[in-house]
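These notes concern the structure reproduced below.
Chain nomenclature is as follows: A, B, C, D, E and F, assigned in order of appearance, with residue numbering initiated at 1 for each chain independently.
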Amino acid sequence: MMYITRRERFNAAHRLFREEYSDERNLEVFGKCSNPKWHGHNYELFVTVKGKINPDTGFVINLKTLSKLINTKIIDKIDHKNTNLEVDFMKDKMASTEVLAKSIFEELETEILNLGAQLHCIKLCETENNFVEYYGNINE
Amino acid sequence: MMYITRRERFNAAHRLFREEYSDERNLEVFGKCSNPKWHGHNYELFVTVKGKINPDTGFVINLKTLSKLINTKIIDKIDHKNTNLEVDFMKDKMASTEVLAKSIFEELETEILNLGAQLHCIKLCETENNFVEYYGNINE
Amino acid sequence: MMYITRRERFNAAHRLFREEYSDERNLEVFGKCSNPKWHGHNYELFVTVKGKINPDTGFVINLKTLSKLINTKIIDKIDHKNTNLEVDFMKDKMASTEVLAKSIFEELETEILNLGAQLHCIKLCETENNFVEYYGNINE
Amino acid sequence: MMYITRRERFNAAHRLFREEYSDERNLEVFGKCSNPKWHGHNYELFVTVKGKINPDTGFVINLKTLSKLINTKIIDKIDHKNTNLEVDFMKDKMASTEVLAKSIFEELETEILNLGAQLHCIKLCETENNFVEYYGNINE
Amino acid sequence: MMYITRRERFNAAHRLFREEYSDERNLEVFGKCSNPKWHGHNYELFVTVKGKINPDTGFVINLKTLSKLINTKIIDKIDHKNTNLEVDFMKDKMASTEVLAKSIFEELETEILNLGAQLHCIKLCETENNFVEYYGNINE
Amino acid sequence: MMYITRRERFNAAHRLFREEYSDERNLEVFGKCSNPKWHGHNYELFVTVKGKINPDTGFVINLKTLSKLINTKIIDKIDHKNTNLEVDFMKDKMASTEVLAKSIFEELETEILNLGAQLHCIKLCETENNFVEYYGNINE
């Protein structure tokens, strides 16, 4: 098994909050991330795929194909958008990095299987100090 | 003359647009940065100060004092905020990186003189591919 | 299972040596890291925690709480200190990156359980070319 | 078990192609990486070794010894070379990042066992957006 | 005056040598960079433009326009190419970083004037340890 | 004029203090940097040289020669050392980043003239958030 990773980037606005909470309660639970007028980030997305090396090409997967898939399914929908308001696969979800990474995993999992490889991990960096990694349900 | 630089960071939402333009016109001029529901960035701010080395301390300026000043005057006002709507020193201005850098320069210039040094440059990075530098009006 | 990582940094002095060795023997075994008058590093510490996403918050763990814990238990004790002489959890230990990472793991393991999550990995970078990762005793 | 990683770097030229394909077919399959007059990269190589901490030294492995081994067996043979034409361990192989990482693993595996540790992973970065990781045959 | 910088990247093969020198002489003068079978790099190109802020847009220059210009005039011609053999603006020149930076400056200078701004600096990074900066002939 | 920069790195221990001050006074002026038992850093040193391009080589200066000079005159004396106690060119000076950069400039200035180029700038990074730049006395 070989693991290959493609990095893509997007810039988005978001807010962490629960509608049923007051602004004070949201501030208490989510801190300054609950600002009602939004804030945003430069996100770095690392998509790791595993598979066998194709002896004809030396590739696990053609990275141009993988990059195009990530752009069509994820980046085009979320780059320069508001994660809470405008992204179909985030509808009615908390806009946390954890939930975002899990949702991206679920968007890409079957699509990558269709390309003959297996999605291994979604790593999503929100700042230089904070990132999450999600490997799917398989080992839970 | 010695130049010393302090890096600080902030995450903010913004939008590039003119109110008198239609959404179509804004899209034409500002591209996806005109998204009416906002997007955001992790900004990196580099504040460069120049001065002579104080022989008693070996310092041009105490970096803890400089950092505190940048946080009080800039970071506390803009971090996790909406640059268009919530930042006093950006009121009624375009929320571009250029205007933001110039405004930060103007906020800090006199304050740094009061600390006995001179503000040399504000460098502001919006993404890993885009940044601006502003050196004030002096040499124009 | 979701994995979330917080980066913190500290600057410390240290020396690799054994008291029962001569300076020559220490130099032979530990190279220039054995310098009796110390040297130092900017360490980067990555603390990775695993757990389930809390559906109310979208969080595995509140990163502000995690950061505060790491600062109280580790950074405040080691930042701008001498690892060999001043850090309680390094007393009578070799000040290598490996031993330091293992000791940080042991300091944080129970504390993170008390926050309702599980410490997964301590990654400690000594330079841009050298780092270690420790996952605890569980799988040994 | 402790994991320790050493980064080394090399700059090399290469080309992705199959001799039996026409230039058009190579372009179709490998894109601009098939350029017959070559292109090149700054590669970053991360060699991760696992083992127990030696209580005398605090080391899993002496990083100076590991670095010397990587340089003798890999870097000296590939740095400032053409991967397709000049590297013995790449002879008659596709010069893809995947095949390169696997070949480096095979070159180092036994040598690191001889140093008393175990090669865990070869990570090879071709650009800031693309990298591969190979853990050997053990778990396949 | 405001300075704005756009980063672009390209991967290319090259060789440092003089045709009239023997291989031994080339090795003596240019070291391993003279390898007759080529080597290559991931180059980072920083294009810095200066100008006044347009009050209508808040921009010195539209970065999308600048990026498109750099790609058309430079990146499309040099990315995944051999700098010595395939790049029109490098014909009959030494393929050093210095000469490459100067040539890129000369390719872009008039084009950027036509966009209403002024090319200030070309910074070209060959490795993480080596880079050059060229500001044109103006101050010589 | 072309500017070329070489990066080198060193790891050193140091302390900011004045002998005639009490520990309390040192703590007040220099903060945790005054710790009597030392702390340390991974320093990044950028040496920028200016000159004309040699038409025979395409070089301003041979970077291998420059790197060797920096290593002989600076790195070999300061790497894995204590800046306050063991570095000849820092004797009886404050071990601040400012003083260190100025001292490195003075050590290299004549030596680089002897190589046929001119030292333009010493940039010295102490942490990812703090760095200084020194251009010599010429424009003061």
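Keep this in mind: contacts are C-beta pairs under 8 Å (C-beta built on N, C-alpha and C of every residue); 3 or more make two chains touch, one makes a residue touch a chain.
Predicted model, so just to flag it, every value in this text is computed and none were measured.
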Check your understanding: What chains do chain A and chain F have as common neighbours?
Key -> B, C
Point to revise | Each chain counted as touching chain D and chain E at once | key: none
**Study point:** Same or different residue numbers at the chain E/chain F copy interface, by half rule
**Key:** different
Exercise for review: Determine, using the mean of C-alpha atoms as each chain's centre, which chain is farthest from chain A.
Suggested key: F
Study note, to complete from the structure: Here the gap between chain A and chain E, centre to centre from mean Cα coordinates and rounded to Å, is 34
Point to revise | Euclidean distance of C-alpha centroids - chain B vs chain F, Å | key: 28
Check your understanding: If you average the CA atoms of chain C and of chain E, how many Å lie between those two points?
Key -> 42
Exercise for review: Please set out, as single numbers or ranges, the residues of chain F touching at least two other chains.
Suggested key: 128
Exercise for review: Any two chains that touch count here, so list every such pair.
Suggested key: A-B, A-C, A-D, B-E, B-F, C-D, C-F, D-E, E-F
Review point. Inside the complex, what are the residues of chain A that reach chain D?
Key: 1-8, 48, 53, 56-60, 63-64
Revision key, fill the gap. Listed in rising order, chain F residues that touch chain B in their complex are 16, 18, 29-31, 93-99, 101-102, 128-135, 139-140
Exercise for review: Name, in rising order, each residue of chain C that touches chain F in their complex.
Suggested key: 9, 11-14, 32-33, 35, 37-42, 79-82, 85-86, 127-128
